[in-house]
Amino acid sequence: MSPALTMIKTTPAETGIDPEVLAACIDACFECAQTCTSCADACLAEDMVAELRKCIRTDLDCADICETTGRVLSRQTAYDPAITGAIVEACLTACRTCGEECRQHAEMHDHCRVCAEQCERCAAACEAVLAALGD
Amino acid sequence: MSPALTMIKTTPAETGIDPEVLAACIDACFECAQTCTSCADACLAEDMVAELRKCIRTDLDCADICETTGRVLSRQTAYDPAITGAIVEACLTACRTCGEECRQHAEMHDHCRVCAEQCERCAAACEAVLAALGD
Amino acid sequence: MSPALTMIKTTPAETGIDPEVLAACIDACFECAQTCTSCADACLAEDMVAELRKCIRTDLDCADICETTGRVLSRQTAYDPAITGAIVEACLTACRTCGEECRQHAEMHDHCRVCAEQCERCAAACEAVLAALGD
Amino acid sequence: MSPALTMIKTTPAETGIDPEVLAACIDACFECAQTCTSCADACLAEDMVAELRKCIRTDLDCADICETTGRVLSRQTAYDPAITGAIVEACLTACRTCGEECRQHAEMHDHCRVCAEQCERCAAACEAVLAALGD
């Protein structure tokens, strides 16, 4: 059981979203924020940095948005589905865009391959939360 | 001229959004993030903290979302209108919700009054950016 | 192999710090940031919230400092040992203080027990990075 | 009166640090975080991006550390001088390093000139807080 799931289960407040779905998205958000931060840095160190500008910029946006989404989803007190829905939508958009960008460099740069995988996993986790919100 | 506006004008990349509109939203986002962080802390120190749970939680979400929105808007390289639109929409939702919550305590707590004003100002700045994006 | 370790190994820049030590600290920082964010929220939902003010405040500081430390450590390009050392020192201080505070409520609140464990693990990982820096 | 100062004065908790000194540092931290975020992006857009790697990396660290410092200083409840001192020390180190780096490109890039000024101002504000802590 991940720490995020344990925390959800020991909190005296709840969101109505399935704890497993919620914890999977929180974990994916924090891991994706870390990977995107590293990928931006790795792209910056590449010889071909000038051709990786879009990748770096999208990584930076995706890191910030994933981190904020992971924080918002970690809170269960006085849960507000409108704020949750809007930030998870933004996270899904950022992860899809960043995943597609990194996927294009995945054969040349291993850090972009790992980042594409993390973005795709986080996008899927966001979709699961949005589906739960729509129920 | 605010530092944010100077930075926009001296960057060799652009978004197509009017620099004054963009800088006003960046400044509002960072100021609102600061005010919401302070308001959460001030509510926590109040004797009636148990009745301010919703205000604290919404302040924390709004601070995180405003800060991330201010960062995304500060970037002009390889501009992506889909990510910008989604995060500004999330910021508008958070600022409206937090502004309405703080407005309810504005007569009793001066920190909630100041926070409501900052949220309302940031929401208006987000609407101006969204209008520019829709043009 | 954690994504953080894979990213370190695929980045064309390096810090001189052992990749396993570095990745362990990055992972601990992001996990501790998540747990502290959840613990602040869980404390806020408790009936005895007024007695948990110090725990909530320390959780919020610790979450912010861990997250920033995790980001700084994720960057290897143009590595600066002075900045790294100073932020890891701050993270060690925050994790020790937060871990001691949460430990006091660990028998009463399971979320404080989990948070104390994460803070202690992150403090140990920070000490390992500081030892590597001093070598 | 800046919003940060108003918030300090309306919060029912205090740190013992002079409110004007504290508010000046909070404002400098948030402004410096914004400017460093913009400067990293502007450097990324420059033709000579490969020569600005150190500037970009230091800007990113400084943005993250300033933002976290601004958040920690915005909290007055259950004030802890050890955490405050450690994060303000880290902020001073980051601002000095980033200010010196940007100063080297200040004649060639206006965004680096503005960023150097903000870093120097934030470093001075951190020194004033550290002096107050030492009293």
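Note that the chains are named A, B, C and D in the order they appear, and that numbering of residues resets to 1 at the start of each chain.
The working rule: a contact is a pair of C-beta atoms (placed from the backbone, for glycine too) under 8 Å apart; a residue touches a chain by one contact, two chains touch by 3 or more.
The model shown is predicted, which means the values in this text are computed figures rather than measured ones.
Participant: So using the touch definition from the top, which pair is joined by more C-beta contacts, A-B or A-C?
Facilitator: A-C
Participant: Quick one: subunit A and subunit C, Cα centre-to-centre, how many Å?
Facilitator: 19
Participant: Based only on mean CA positions, could you tell me how far subunit A sits from subunit D in angstrom?
Facilitator: Once rounded, the distance between the two centres reads 27 Å.
Participant: Enumerate the residues of subunit C that touch no fewer than two other chains.
Facilitator: As it turns out, subunit C has residues touching two or more other chains at 41, 44-45, 47, 53, 56-57, 60, 67, 71, 75, 77.
Participant: Given which chains touch which, is the overall layout a line, a ring, a star, complete, or other?
Facilitator: Contact pattern: complete, every chain touching every other.
Participant: Okay, in this complex, where on subunit C does subunit B touch?
Facilitator: Residue list for subunit C touching subunit B: 40-41, 44-45, 47, 49-50, 53, 56-57, 60.
Participant: Which residues of subunit D touch subunit B in their complex?
Facilitator: 3-4, 6-8, 10-13, 26-27, 30-31, 33-35, 37-39, 41-42, 44-47, 63, 67, 70-71, 74-77, 109-111, 114-115, 118
Participant: What residues on subunit B touch subunit A, complex-wise?
Facilitator: 53-54, 56-58, 60-61, 64-65, 67-68, 71-72, 75, 77-78, 80, 82-83, 86-87, 89-90, 93-94, 97
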